[in-house]
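Going in written order, the chains are labelled A, B, C and D, and every chain counts its residues from 1.
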């Protein structure tokens, strides 16, 4: 079933990211996503960046579809199906949220008094949701050094004692996640990672999002670190839209 | 869905009537029926003659299908779908059960300490379930006078003060019911009648059981006396298997 | 907010709402049709009537496994000469009654249509889905030449509108629709050929073994058929297949349907389905701000 | 009670159970096929592969309204030259991999089949349901002459078994099945043409508008197709369409199927569907006292 709901407000978060707020009376857990249809264009996976009574999609403008979606005006409708996917595990205790690019969208519902954040972006004005953390609980990194640490997300993680967190949640493009996984491999830490791959069906039948025989859309998008460490395809190879195998450089 | 259950025992009630006992864990109310399929032959409506945990079909042998059904042996399966139809209303107080032919089958689940019975048949050995009533609560009538009143069901009803019953339940062939309705018309009594007509679908779409635009299989088979009194087709005309209109003589 | 107008018309036939009782469902007995028309259907199509009286198939005539619904009734009918009284009774409702007919060739269809016109039907619906002896396993409605002949023949013989009801069990629906393009309207679709086997009795459930799948399972086939025809031809289409709600009807109307028919949903909701779907249609039009059906008819074709 | 034997074989291909992964579902990536084979499928059919790399249609590629499931994936595939590695990975499971192919004519099918044979598939499955330009709106599988040519051509060109997968969207399935009778097995059925319109966006949901209906809605069509073919022809048939339980599989087997394929049910039950249906089949055979599948294969045909 396709849900069609009207947008309450459209908030500009960064020059390339908007958030669409709406009411949708369905139980959603942090880490889950919806397949969002922009009629006439395409259908793309979007995490829920709020999971309470008020829901939110936080959209980074990549191509036609995400651009059109980010332009939906209050009172207009968005169309989506879901929620889909395996949510992040809930834990008691201190947590660390590590987000790159639009990755902070799916981590946002996990922000609470026990959570610290690591937010990375190309430059200062693209840092997403950093203002939602208390100033003493956030580390930022920018490629161009315009704010925080000059460097990538791993450079930021080096500054932190990761072992002290009950759980570290990570979300971002596969390349970024790969660098995080390589960085922590062999250490004794609890980590869940939300992966990103092409998605077409969203319901575990088309194989376009698969990684090592797991479907990101149903077995994931969140996976435990130990599972990710067993994946031969992770960070190395995936299938293009056609199904042709391509290698990450 | 077709239920297939194994028969526990097959009881001979009269020379032409057998009862098949079985377990079927579904809630059924007195007056409801199932469409009983005899693979290779046909599918016929059968009332539940027990509606507790143990269920029962009481089958009069008319033609091939009912004959085959009445021959099912313990351990063999019967096939049916349902339960279908509107049950008899429940009342508190004295009740009278009036059954002709196989009609007593659907009335049997209503037999309790408040119930009296009027059972009619051609001759003594065809009187169905009369033994389930205490001897002082049963009136019988036989066409041939071999037991009880010599005459038909209306002859028996003449002997009774019908107004004293909280509800009178009647079941039998349309011709018999018509004579009962004509007999009580205009009097101030509570009566529900379970009608019989050809049935093919059992679920209110094929029109073969209809009477005055009501479907016997979904609006009935039980109807209140006042509704039956409004029916222009009742006791006068019905459609044959083909849909051709025929008149009762 | 003023209430929306849900009336529609197919040629010169005016309907108070778009919901017509489909052929074969509660339309054998004139009293039944009359009751359904009084309870909300805007018109009723009779059971398909042939030349001779037929008993149809022995029960089981339905194989049901919610939401799967398959029937093989076997065209029981009293024969054209015995159906006049039923139509007369149904017409006491004051609403249009459509006479459905089936035959083995052009000549039978013409004779049946003429009789239906005599009985005062508002239109004749040609049921082109009866078995066709040549090319066994398929239906008259799968042969474009036969369809063309039957439609032309009936159109030439009567003055009432002629609707052609087509089968989805064909390789190329557009070929058939084009062959039937002389019709005043096309009715899409009849049932999809299917079967149910009971694994405990190890037998096909229907006495005829093969039957027609109807109800919600075939709505996508019906929508596709209406859309395909309306994308390519300019002819009124009446949508049928799996309509259970006013919203389902909207889907058909957006695909280009002028009106719709309802059959199997009567099994789920009883005769009350007609007031249910009418309320749902009004609800949709109210909340979306539509005043008339024309405002969204065929809108998905653009 | 001893456990029943659920193995079966199609020609020289031995299967540990009758449940094969259908073409187009989780069979693009070799690692995925390998995992599903390790989790209970007895064989896997690859996504249909053509001559050139294709991206398929833009999303939405599925229109879902439980239990309605319609897809228009648009035959995305890496092209035959890029698929060898995936098949190699899948074959590491030790179970049979079947190569599905689609082409625009006989010559393409022959070339594709030859490549598949090189890659070591256990059989080649001809997907005859791709769009056919002549007679628009219909499929290659609707043209008996084309079907005959393709099947004969491929049979003459390779030594591995050839399975022909037929479309139910035809006027007369038996004509097509007869045209494909040189095949080592028939696979029945592919999806049924359908469409879904979203009434709030007023548009067909699928980017390709028309798609293929699959899942429980089409099981009656699949059963009917298998029964119809097995009543008339002596050829192994693999049943597919709406199988969600071991009991559904029994229905196909009683209609005459040698094995079955499962597609859409993966959506409802995930990859675990294969162990689920296997357990259900064993449960049925145990409770009904069957030791082997042959004891009830085709029993409903009698």
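What we mean here is this: a residue touches a chain if its C-beta (ideal position, glycine included) is under 8 Å from a C-beta of that chain, and two chains touch if they have at least 3 such contacts.
Note that this is a predicted model, so its numbers are computed, not measured.
**Student:** If you check the contacts of chain C and chain D, which chains show up for both?
**Tutor:** Touches both chain C and chain D: nothing.
**Student:** By label order, what chains touch chain B and chain D together?
**Tutor:** C
**Student:** Could you please state the distance in Å, as a whole number, between where the Cα atoms of chain B are centred and where those of chain C are centred?
**Tutor:** Using C-alpha averages as centres, the distance is 36 Å.
**Student:** Rounded to a whole Å, what is the gap between the Cα centroids of chain A and chain B?
**Tutor:** 66
**Student:** Roughly how far is chain A from chain C, centre to centre by C-alpha average, rounded to an integer in Å?
**Tutor:** Roughly 50 Å, centre to centre.
**Student:** Please output the residue numbers of chain B that touch at least 2 other chains, ranges allowed.
**Tutor:** none
**Student:** Which residues does chain C have that touch at least 2 chains other than itself?
**Tutor:** Touching at least two other chains: 200, 203.
**Student:** If every chain is a node and each touching pair gets an edge, what shape is that graph: line, ring, star, complete or other?
**Tutor:** Graph shape, chains as nodes and touching pairs as edges: a line.
**Student:** Identify every two-chain combination in which the chains touch.
**Tutor:** Between chains, contact exists in these pairs: A-D, B-C, C-D.
**Student:** Using the touch definition up top, name the residues of chain D that touch chain A in the complex.
**Tutor:** By the definition above, chain D touches chain A via 25-29, 31-32, 34-36, 47, 53-56, 58-62, 64-66, 71, 73, 76-79, 82-83, 85-86, 198, 200-201, 203, 205, 207, 263-264, 266-267, 270-271.
**Student:** For a test of understanding, state which residues of chain D touch chain C in their complex under the given definition.
**Tutor:** Touch list, chain D to chain C: 67-68, 70, 135-138, 142, 169-175, 192-197, 199-200, 202-204, 209-210, 213, 216-221, 223-224, 227-228, 247, 250-251, 254-255, 284, 288, 296, 299-300.
**Student:** Would you pull the chain B residues touching chain C in the complex into a rising list?
**Tutor:** 1-2, 4, 35, 37, 39-44, 77, 79, 81, 199-208, 210-215, 218, 232-233, 239-245
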